[in-house]
Every structure is written in structure tokens, then in C-alpha cells.
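To keep things simple, chains are lettered A, B, C, D and E as they appear, and every chain counts its residues starting from 1.
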Amino acid sequence: MTKSEKPIIQIKNLWKEYGDNVVLERINLDVYEGEFVSIVGASGCGKTTFLNLMLGTEQPSRGSILLDEAPLDPEPSTERGIVFQKYSVFPHMTALENVMLGEEFSKTSMSSVAMGRLIGRAKEDARENAMAILEQVGLSQAANKYPSELSGGMQQRLAIAQALIKKPRILLLDEPFGALDPGIRKDMHQLIGQLWQEQKLTVFMITHDLSEGFLLGSRLWVFDKTRQDSHAPERFGAHITFDIPLSTGKSGEEELERLKATELDVA
Amino acid sequence: MTKSEKPIIQIKNLWKEYGDNVVLERINLDVYEGEFVSIVGASGCGKTTFLNLMLGTEQPSRGSILLDEAPLDPEPSTERGIVFQKYSVFPHMTALENVMLGEEFSKTSMSSVAMGRLIGRAKEDARENAMAILEQVGLSQAANKYPSELSGGMQQRLAIAQALIKKPRILLLDEPFGALDPGIRKDMHQLIGQLWQEQKLTVFMITHDLSEGFLLGSRLWVFDKTRQDSHAPERFGAHITFDIPLSTGKSGEEELERLKATELDVA
Amino acid sequence: EKTDFKLAWTIYVGWMPWDYAAASGIVDKWADKYGINIDIVQVNDYVESINQYTAGQFDATVMTNMDALTIPAASGVDSTALIVGDFSNGNDGVVLKGDKTLKDIAGQQVNLVELSVSHYLLARGLESVGMSEKDVKVVNTSDADLVAAFSSDTVTAVTTWNPLLSEITAQPNTSEVFDSSMIPGEIIDLLVVNTETLEANPKLGKALTGAWYEIMATMSGTDAAATEAKTFMAEASGTDLAGYDAQLASTKMFYTAAEAVAFTHSADLMATMQKVSEFSFDHGLLGEGAPDATFIGIETPSGVYGNTSNVKLRFNPAYMEMAAEGAL
Amino acid sequence: MTRIINRQPSRYGRLALGFLPFVILLLVYIVASDARLAENSADKLLPSFQSFADAVVRMGFEPSKRTGEYLLLNDTLSSLQRLMMGVGLSAFIGLVIGVGNGMVPYMRSPLSPLVTAISLIPPMAILPILFIIFGLGELSKVVLIVIGICPIIIRDIQLRTDDLPPEQLIKAQTLGGSSWQIIVRVVLPQIMPRLIEAVRLTLGSAWLFLIAAEAIAATDGLGYRIFLVRRYMAMDVILPYVLWITTLAFAMDWSLKRVSILLFPWYHGTQGGGHD
Amino acid sequence: MTRIINRQPSRYGRLALGFLPFVILLLVYIVASDARLAENSADKLLPSFQSFADAVVRMGFEPSKRTGEYLLLNDTLSSLQRLMMGVGLSAFIGLVIGVGNGMVPYMRSPLSPLVTAISLIPPMAILPILFIIFGLGELSKVVLIVIGICPIIIRDIQLRTDDLPPEQLIKAQTLGGSSWQIIVRVVLPQIMPRLIEAVRLTLGSAWLFLIAAEAIAATDGLGYRIFLVRRYMAMDVILPYVLWITTLAFAMDWSLKRVSILLFPWYHGTQGGGHD
């Protein structure tokens, strides 16, 4: 874990409300470059909402999020890469085209601005970069296949490759392996762990699978409501009730044991 | 495991071919009342095809399946209950109506034959029976909800309740928990294990999750192709390469250890 | 024996009396007198009513002399003109935009209902100034849309009938360069009855003729009854009494049976039918089997035009004569 | 938010923007109408609002001199009756044949190609034949609507029946259902909301065929009236009639949607959510 | 298999059953036609097959005596040209406005209610206005088709654009795409096969409007010919023309499907599999 001087993400007294419904409240946290934050919590407690705030598709009701000490762009941008559980790749493009798209959007040439396409030399370069990334995620054989011809696991590899080509400052993952079979999940864990370490990524990953969170994360956040009003459940929002540093590479069970030993309550 | 004198299911030299594609070949097995058969195998190896043969939606190309020593009805009937991974319940009926449907189809009265409905006293009886079964699967609170208002796990409970009302001789499950979250799966395992033991069901369950198969089954079948022709992969079909008796109630890992100790090859 | 008969009529100045006849009970009165039932049916689409008659759905239908020849007669349905109701005397006309004469039509597009009496009128008009259809371009246009079409800049010449004609000439800057009063007696409005049915059921002919001339008598008056009848007809045709009277003014109605009988007996009728036959043949309307204009025989009191062994259209004044003699 | 695809107008902005084009159209009409009327005060093409009001009063609120009926009311009732019969019959036939084709292979084999062939024939082209077979009465108008929209409904319902998960039908069989019981309890109730959708989709065509049929053979009805006064280019009657038809069409569409939401809450809850 | 819903006819049985209703229809026609012709040999309502053959030869393979043109060819070319222009223009406008409405809230707010209102107006009823604005030439025929089908295509495309997973659009934004780039590279290519589907769905209506337009004012075209020869009840010409139109409609539908499969294999691979 490389802790640089300044945090890459600073969350300052963040609140999010939809009308009367308080979803998130009082979140204050710093995240440093290279951290892998696993996010867990009950269904509907606001994990995706938090990710949307990071992403810029939703705006905080109060408070702010700073990226490299500057307020976040209020709409999605290349600084923040994302992989969803589904629909992250474009079905009408081959794997290679999917990965090249990021570079074709670069607006360095007229053809990119006007048509979202590169031509000539620039296109060749983009293709080479894309192939290199496909290689990394083990998809070089499938470069010319459409997503519908790929298995669920391969599609998620592709989504990751696609997000990485823009070298985002932070990578957001919303249950990226939730729809995969257990066997395939294991491979994906290996891949994401490896990419994280090789590329010094800063990752936020939501998961429903606690052991997955333990296994991959360098830090685990538990979202929960501590204040409850049984007559008006929407009056209070969730916040981060536990922020646990993890030593990575251990299995969930081992980690749990370790934490229990340190007498922390992770009910 | 209660072994009665006669097997409930006898599979005799079963083959299934689609045109030139041999899917299953040379399957010979007996299953006794009260057994819980977990079925595992690679994707596309013919597990669902086998279940379809048991169900009667497909007919054997060669050989036969006997239920209580008589050939199977060549179409689905009340002797064989089924729960699929999805779409097993009727979205336009409440949970209660879904469970009552089996009795309303009983054809004991004119209204049942003509409209598939019961009236008066018979309807009350059916309602009571249905409520009792909903109680067993823990859905009595949700009796008047539509499936779309239920969570994935509750829908599968409902599907099981619905299948049980006809007291089928055998219960077929095709990846019944494949679409559920890991936490919910655990509850379902408990439920199905309990129902199996209480009601002395004979169960066939396909699963992709090996440990689930070990945990629940009293017997594990592995489907695989032993003969391969690399030029014409469709020339040979799969059959049951392993038929492993299990002591139930143990976790997958424990069971694996036990089996490894008995020097059986379960690659 | 057949006692139930059906008559179809469509909205046109000379045929509106049938609507009044049905609504006022006059038809029922005459039908009762002869012990039959006559159902009067309004059809919106003129050609459809004739087609239905030709297919045998109606026993009697109103139509022009030309359409009687080209549709039922050419389809082998032997038809009799039971009542000669009127002829167009300015009710059909050729209109050009601007201050023009008929000669100016050369080279223009003319919007009209192709193969209808308008087409015939145009041909006769062109003939009168030494031109032929080759000198203009005919564009088939549905009658209901002609008025709107004339408002369009792309349309410069039309040929049509009333009430469309008066709507068009009422627009500023138009010239009516030719009209049916210049070919009097050539566009005739008839009540046509299936000959076979009529021969088998003379009662039908008597009842219809009797009813018709009773209305004619009412209509031709100047009293309140006439006004009431004409107001009724005006509203049914979508206009008011003044508008309907204007249309009547350009129609030569035969209010008495005697007039109609005289018209039918005149030798001009045969000459007219010859012109109509020739026009129809030139435009392929007599059917593919017709070798020349005389292929279909047309019987008139003054003789038969065309093939006497293939008479399919008959002008039979017998019933109108009975009406004239008061024998009904 | 800077990308145009991310920018959302406010609630009131949305409302104002929604009215904008209608206001513009109205203004354009007024200007054009004034210009034409200034040139020729008898111009009938773009009547003034006064003429519209007069025509509406005349057609809607004064009894006809000829028959003593209120024409607009009468026309509306006649047209609606024909439309409802045509659409009702189409829906019924569509349901029976569509579900039958979807469920019973021995019914589908002979009927499906026939329905496809019929659906390709332009109904207007065979109008004369229809009139000869069905006469010129109410029946032929209803039949034209049926021929025009029934094949579409049948094919739609057949597709929707096919789309029912086979798992459901198998499950119903394991519960002991006979073919008939399964159709009655499992298939029909699930198809009903889809039938309403199919009807809503074809309602526009149904109006079209109704108007076409009334133009050829009728003595009353909204289409009849429009064609009758078209000879005189009475736009002061035609435009209010068109507006009225549009309103009726909208009201029917809206009611069908309400009825569906009321009767089939399970359909609009989750799986049918996207259908507007 | 005993339940009727489980019983499948064999391959040949299916084929035979499929032909059955057509054979029956043909026989009914022959009997009815013979009966009428026996009574009146000049009957034109149900012509003999000999008359059909003669008419086809005359219209299709002999130059017209009046103009020297091959009428069937000429009519077909004129009609197809109008149809293609109308459908092409509708597809183009539908794509631009539909995608625009679906993607840009500031475009959708004003245009969406307008499109809904227009889609409810029966196009035939406002024909006079169309003539005056667009004249009686080719343009008004094309415009009638456009007004008839374009609102349907727009609404369909708008719905399909809305249905695109928001995840895709967000992902595209995180890849740095501008609104325009996202529309061009992500949205349009995915909407194209759906546009073809929408066009296929509206093709029937397009034919209807084409025939109606040609019936109203034209000098050639398939609809023109049918309505012209209706004046002398030439069913021997009308029926082959109807059959020909049906064939053309079928061929266009089939070609569009092929084109879509060829150009958009990814669409027909998995997600679009169910669309026929």
C-alpha cells in the first residue's frame, strides 16, 4: 500500500437525499492512490448511489467529493472508469472496437470530433494499444468477436479492458462479478487483483459477496444505517459504519479470523 | 437413505440423439425412493436434456425410463414436479393462487374441467392446503402478493411450494438457485434439505455449484463424455462417469476430503 | 315471384329526389300500391354503386348514359333506362385559371375523373376547337378532392361537375371555357334497371316511375311543398336551398313524363349514344373483346345502334309513357 | 452538467417547451388565414375562428332541418359503434386465432401462412370485392376494419403467446392442467394485457379504415360527413371534425391504458413497466 | 404425447396443412367464377383464369396502344419510386427526430407532444390541406406517406433509444465521448437494425397511403391503375395487380430482413433473435 502525501479522493460531509428520502448522510473519508476499497452493505442502503456520486451521474445534496483536491466534474469523464454488472460493453462492436473506442473519442483529429473515428496512422496506434490491453485481460484470441459471442466472464474482462484504455485515476466497479458462475468468478478475482497491482489503480468495488470483498480489497467499507426511525425509515440515511484496513491476498475466512482476533465487531 | 425393495426410477440403456448429435449415451441407473441426486457436469454436456427426458418433454432415442416399473408418461404429468431457474411461477397470479392452481386443475368438478377453477367448498379446501404449504416455505405473509413483488429467493420458494401441492413422486430441479445471491442461497439450501427429509421426496437437482451438490445430495452424478472424436465432437454423447454416494449434511470441502481419502478420482 | 327490390342512389343534383322519395314515404306508397317492397339505399361512392348494381346487388341504380354503357352493359348485364330524368345543361364544365378561352388549354395538365363524363365532355370540347386529347395531359383526380386540388398552384385546368364546378368557378380569377350546355342532351342522367328483372316484374317499373313523377310534380311547383322538398334535398347534398337551386338551374330536369318521352323518342339520342360509344371504345371501355364501337348494341325508340345480336342497353319509354298517360 | 445529453429542462421549462410548437402552429395558422381572407373574404381553405365556431354550433348544437338530429352527435355515435364493433371483433378473433396459433401446432400450420398472406394484401385494393360479398350495410364497414387490423392483432398475439416462457407451460402440465385448462388459466390471462396493447397499436389504422369505408358507403358517420362537405371544401366543418376524431382517438387510447393498469396490475408492475 | 398443445405435425404434414387453405380458397373461387360465367359470359366480377392470363399479358408484356409503354412495368416503377421516397424520407426523419428525442431532453420536451398529436390525426382527413401546401404532384404523394408513417417511426425509434441501457451511455461518457460522438458511434449504429424493424412494421401502412394518394391524383402507378379500371370493373386487371402488390410487399419485407441480418449480425445473434 503506497500512501502518497495527498489523498486522491477526499469525501467531505457528503449527504444525498431524494426528496424526503435521506439515502446517505455524514460521509467523511480520504482515499489514497493505489487503495482498493471493497464496499459492502444491505441491499438498497445506498452503495450504488454512492458510486453514482463518485461517477458524476448524481450530485451531492450537501458536502462534496474532491478528486486530486479539485471538485469532481459533475458528469462522467475519463478520470473515472466504470464497470457495471451488465451492459458495460457495446454489443454492436467487436471486442477490439470496444476497446479502441476510448481512443477514438480522444478528439485529437477532425475525424474523431466529427465521427468519433480515427483514421490512418492514429487508428493503427489505437489498434495496437487496444490489442495490448486485450492481451493483458486474455482476450487477444477473441478480438474480432462480438460481445454476444463471448461468455459472461469474457464480457466482463472486455469491460475492464475498455475502461483501462483511458488510464482513469480511479476505477469504479458495481458488482462486476455478480452475474458470473462461481468458477469463473475465481478467474476474474485473479485478473482484477493482478491488474490492480500492476497498474497501481485506485479501485472502488461494490460487492454482495463478503468473502470477495475481503479477498480483493485493501480496505473494506460497510454501509449501514445506525439511526433508525421505525415510523419513517426514510428519515435517516446510511453512512460508513466500518472502515477496515485489510491485508490482501488472504481468503475471506482467514481475514475474518484475523479481524475477530483484533476484537472488532463485524456482525 | 431408505432403500425400499423396488427402485422408483429405472433408467435402461438410455440414448438421446438430436439428428447426428449424440447428446447422451448408455445410461443405466436405478434410483430409490427418498434419494437426493445432485447432477453436475460441464456446460452443454446434456444435463438439462436428461431432465427433459425424465420430465417427458423429450423422448429417448433408444432405451427407456421406468417410473414405478411402468414406462414414463410421454408428456409432463403430476407425477413429476419441476422447478426451473426462472419462470417457474405465474406472474399474473398471487402467491396463493399460484399454489392453489394445482388443485384447481384436478378435474374433480365441472368448473375445474371447463374453467380450471374450483368453487365453493372445494375452493376453500384448496385454499387451506395452499396456505399450509406456503406456511412451510415461509411465505404465508406474502400470500396475496404477485411474484413481481417478491424477491428472487421468495419466487423460488413459491415455485417449490407450487410443485409440492401435487405430491409428485419425483421432484426435478434445474439449477434452482443459480440466479440467487450467495446469502439467499444458504437459506434455500436449508429449506430444500428440510423439505426433502420431512416429505421423503425423491429429488434430482442439476447444479453448477459443486459444493451445493455435495451439501444437499445423497448421491452425486457427474455427466461427462469419455469417448472423444476431435474431428466430430458430436459423434459421442455424455454419460454418467461418476455415481458417488454422499453422506449428507457435510460441507462440500469436508465431503471432498472424505472422497479423496477413499481414493476416488473426482478431477 | 320476387317482391323485394333494392335501388341505389348517389348524391347528385338530378338524383336527390330519390332521397326525398324514400324519406317522405312516396316510394312506399307506390310500392304498396303494386304489392312490392322497394329499398332505397344511399351509396356514397358513385362508381361503387354502379359496380354493385353490375354485380347484381341492386335491381336499379342511378347513372349517366355513358356509365350505363361502359359498366353494366359492357359487363354483359342487360340494362334498361327506365327513367330519363334530366340532362346536364351546364352542370359539367371545363375551367381554366386566369382569363382564358378553351384554346388556351393546349399543353396544359387537366385534372378530372378519368373515363367519366367529364372526360367525355373534355373530348367533345377539344373537338369543337379542332384539338384532340393528345394536345393536353389528363390527370386522374378523385372528384371529392378536385376543389381542394384547384386551390393548389400546380393545378391550372379542371373538368368537373356540380357542386364542385360552382365551388371552383366561385374562386377568383377563373374562366369556365366550355360546359355541357354546349353539347345539350349528351350527358343524360338515368335510372337504370336490370332488364331481366324489369321484364319479370313490370310492377317494379310502374312503382318507380309513378313515384318519380309524383315527386317531380311536387318539386316543379313554387309552393311551400316544393320549397320543403328542395330544402330537404339541399341539406342531404350538403348545401342549402340557394345552392341547390343554382345546381338545378344548370340541369335540364324533365319534370313531366311527356318531356322525357319526347326526348327519348328523338333521333338525337341515337346520335349521342353513337358518340358515347365511339369515345368509350377509343378509351378501351367496351372491354378487351370489343373489335369496334358497334360491339354493344344500344336500343332506342328510333332504332338500334350497333350490334343487334348483342343489345345490352335499352332506352325503353314504355313506363314513362304510362306515366304521361296517367295510366299508373 | 455540460453535455447536451445530460442537460434536463426544469418541470416548468418542460411544460412550456411542450406547448411551444402548438402555439407556433396556431400563430402560423392565424397569420395565413388572415392573409387569405384579406385577399378573398369568401375563401374557404383557412377559415377564421369565427367560422369554426359557427360550424361547431351548427353541427353540434342545432338539430338538422332535414332529420331533426344533432349531426355531430349522430355521426359520432354511428362511427363509434362501427369502430367498436370492428375493433371488438378484431380483438376477439385476434385473441382466439392468435392464442390458438401460438398454442396448438395443428392449428398454426394451416392458419399461420394464410394470416401472413392476408396481412400483406392492401385492404383498400380489394374494397369492391368486400362490398360485393358483405353488401353495403354496416357489416361491410365492420369487415373492412376487421380485415385491416385483425391480421396484425393475430400475428402480434401469436408472437406474444410464443414468447411466454415454455417453462410456464411445462410447469402447468406438471400441475395436471389439460390443454384447455392451461389456455384458460395460464395463457389467456397473461395475453389479455398484451391484447389491449395490440388494440391500442392498431387503433390508428382502424380509424383510417373506418373513414375510408364511410367515404364509400354510408349515410352518416364522421368520415361520411367529412367526405360529403369536402365537395364544397367546407374546411370550417372538416377541421373541427378532424380535431374531434383526434380527440376521440386520444381518449380511447388513454382509457385502454387505464383499464389495463386497473385490471392487470401485475403486468404493469415490473415486466410490463416499459410499455407506455 | 396426448395433449393437443404437445402434438406436432410432421414436416410434410405441416407443409400440406399450410397449403390447404389456399387450395380451398382457389377451389371456392373457381366454383363461384364458373357459376357466374355460366349465367353471364361477360361477367367481370369473378373472371376466369383465362381472362387473368390475357390481362396479365396485355398489361405486362404488350406495349400500350395509347402510349407505347408497358403499363405494368411503368406503374410498378412509378409506385415503387414514390414508396421508396416516402419510406426513405420517413426513415431518415424518424431516425433523426427519434434519436434526438431519445437522447436530448431539450429536444424531446417540445417535439414529443407534437409528434404524439400528429400521430393521432387521421392523414386522409387532412388531404385537402396537404394538396394546397404541396401541390398535386409527386411531392404530395410522398408527403402523405411521410405524414402517415413518420410519427410511428419516430415514436418507435424514440422508445428504442430510451431502451438502450443507461450503463452504455455512462460508459461512453467515461471513455471521453462528447454528446455527438456518443450519438454517432454508440447510439446510431445500435438503432439502425431497429429502424429497419420499424420500417418493416410500417410498410403495410405505407402501401395503403401510397394507393390512397394514387387514387386521388395520378397519371400512373399501381394504385392509379386499380382505381381507374375500377371504373369499368375490370377485375381481371385488379386482382393480378393486388396479387402483384402483395408480392412486392412481401419481397420488400423479406429483403429488409436479409439486409438487416447481413449488416447487423451482432443484432440477430443473441439479443435480437426473437424478432422475425
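Simple rule for what comes next: a residue touches a chain if its C-beta (ideal position, glycine included) is under 8 Å from a C-beta of that chain, and two chains touch if they have at least 3 such contacts.
Owing to the predicted nature of the structure, the values given are computational and were not obtained by experimental measurement.
K.L.:
Moving only to chains each one touches, count the minimum steps from subunit A until you reach subunit C.
P.N.:
Minimum step count, subunit A to subunit C: 2.
K.L.:
Give me the two chains with the most inter-chain contact pairs.
P.N.:
Chains D-E share more contact pairs than any other pair.
K.L.:
What is the distance, in whole Å, between the centres of subunit A and subunit B, each centre taken as the mean of its C-alpha atoms?
P.N.:
One centre to the other, that is 38 Å.
K.L.:
Centre to centre, by mean C-alpha position, how many angstrom separate subunit B and subunit C?
P.N.:
Taking the mean C-alpha position of each chain, the two centres sit 81 Å apart.
K.L.:
Provide the C-alpha centroid distance between subunit B and subunit D, rounded to the nearest whole angstrom.
P.N.:
47
K.L.:
Considering subunit B alone, which of its residues make contact with at least two other chains?
P.N.:
If we look for residues of subunit B contacting two or more partner chains, we find 75.
K.L.:
Do you know which subunit E residues sit against two or more other chains?
P.N.:
3, 45, 128-129, 132, 173, 178, 182, 215, 230, 233
K.L.:
Scan subunit C for residues touching two or more other chains and write them down.
P.N.:
If we look for residues of subunit C contacting two or more partner chains, we find 51, 55, 145, 147-148, 151.
K.L.:
Using the touch rule from the top, collect the residues of subunit D that touch subunit E in their complex.
P.N.:
3-5, 7-9, 13-14, 17-18, 20-22, 45, 103-106, 109-114, 117, 119-126, 128-129, 132, 152, 159, 163, 169, 173, 178-179, 182-183, 204-205, 207-208, 211-212, 223, 226, 230, 233, 235, 238, 241-242, 245-246, 249-250, 253, 274, 276
K.L.:
What part of subunit E is in contact with subunit A in the complex they form?
P.N.:
165, 167-168, 170-178, 180-182, 184-186, 189-190, 264-267, 269-271
K.L.:
Could you list, by residue number, the parts of subunit A that touch subunit E in their complex?
P.N.:
Where subunit A meets subunit E, its residues are 55, 57, 75-78, 80-82, 84, 86-93, 101-102, 104-107, 112-117, 146-149, 159, 162-163, 165-166, 168.
K.L.:
For a test of understanding, state which residues of subunit B touch subunit E in their complex under the given definition.
P.N.:
Residues 74-75.
K.L.:
Which of the residues in subunit C come into contact with subunit E in the complex?
P.N.:
Where subunit C meets subunit E, its residues are 47, 51, 54-55, 70-71, 74-77, 111, 114-116, 137-142, 145, 147-149, 151-155, 284-285, 287-289.
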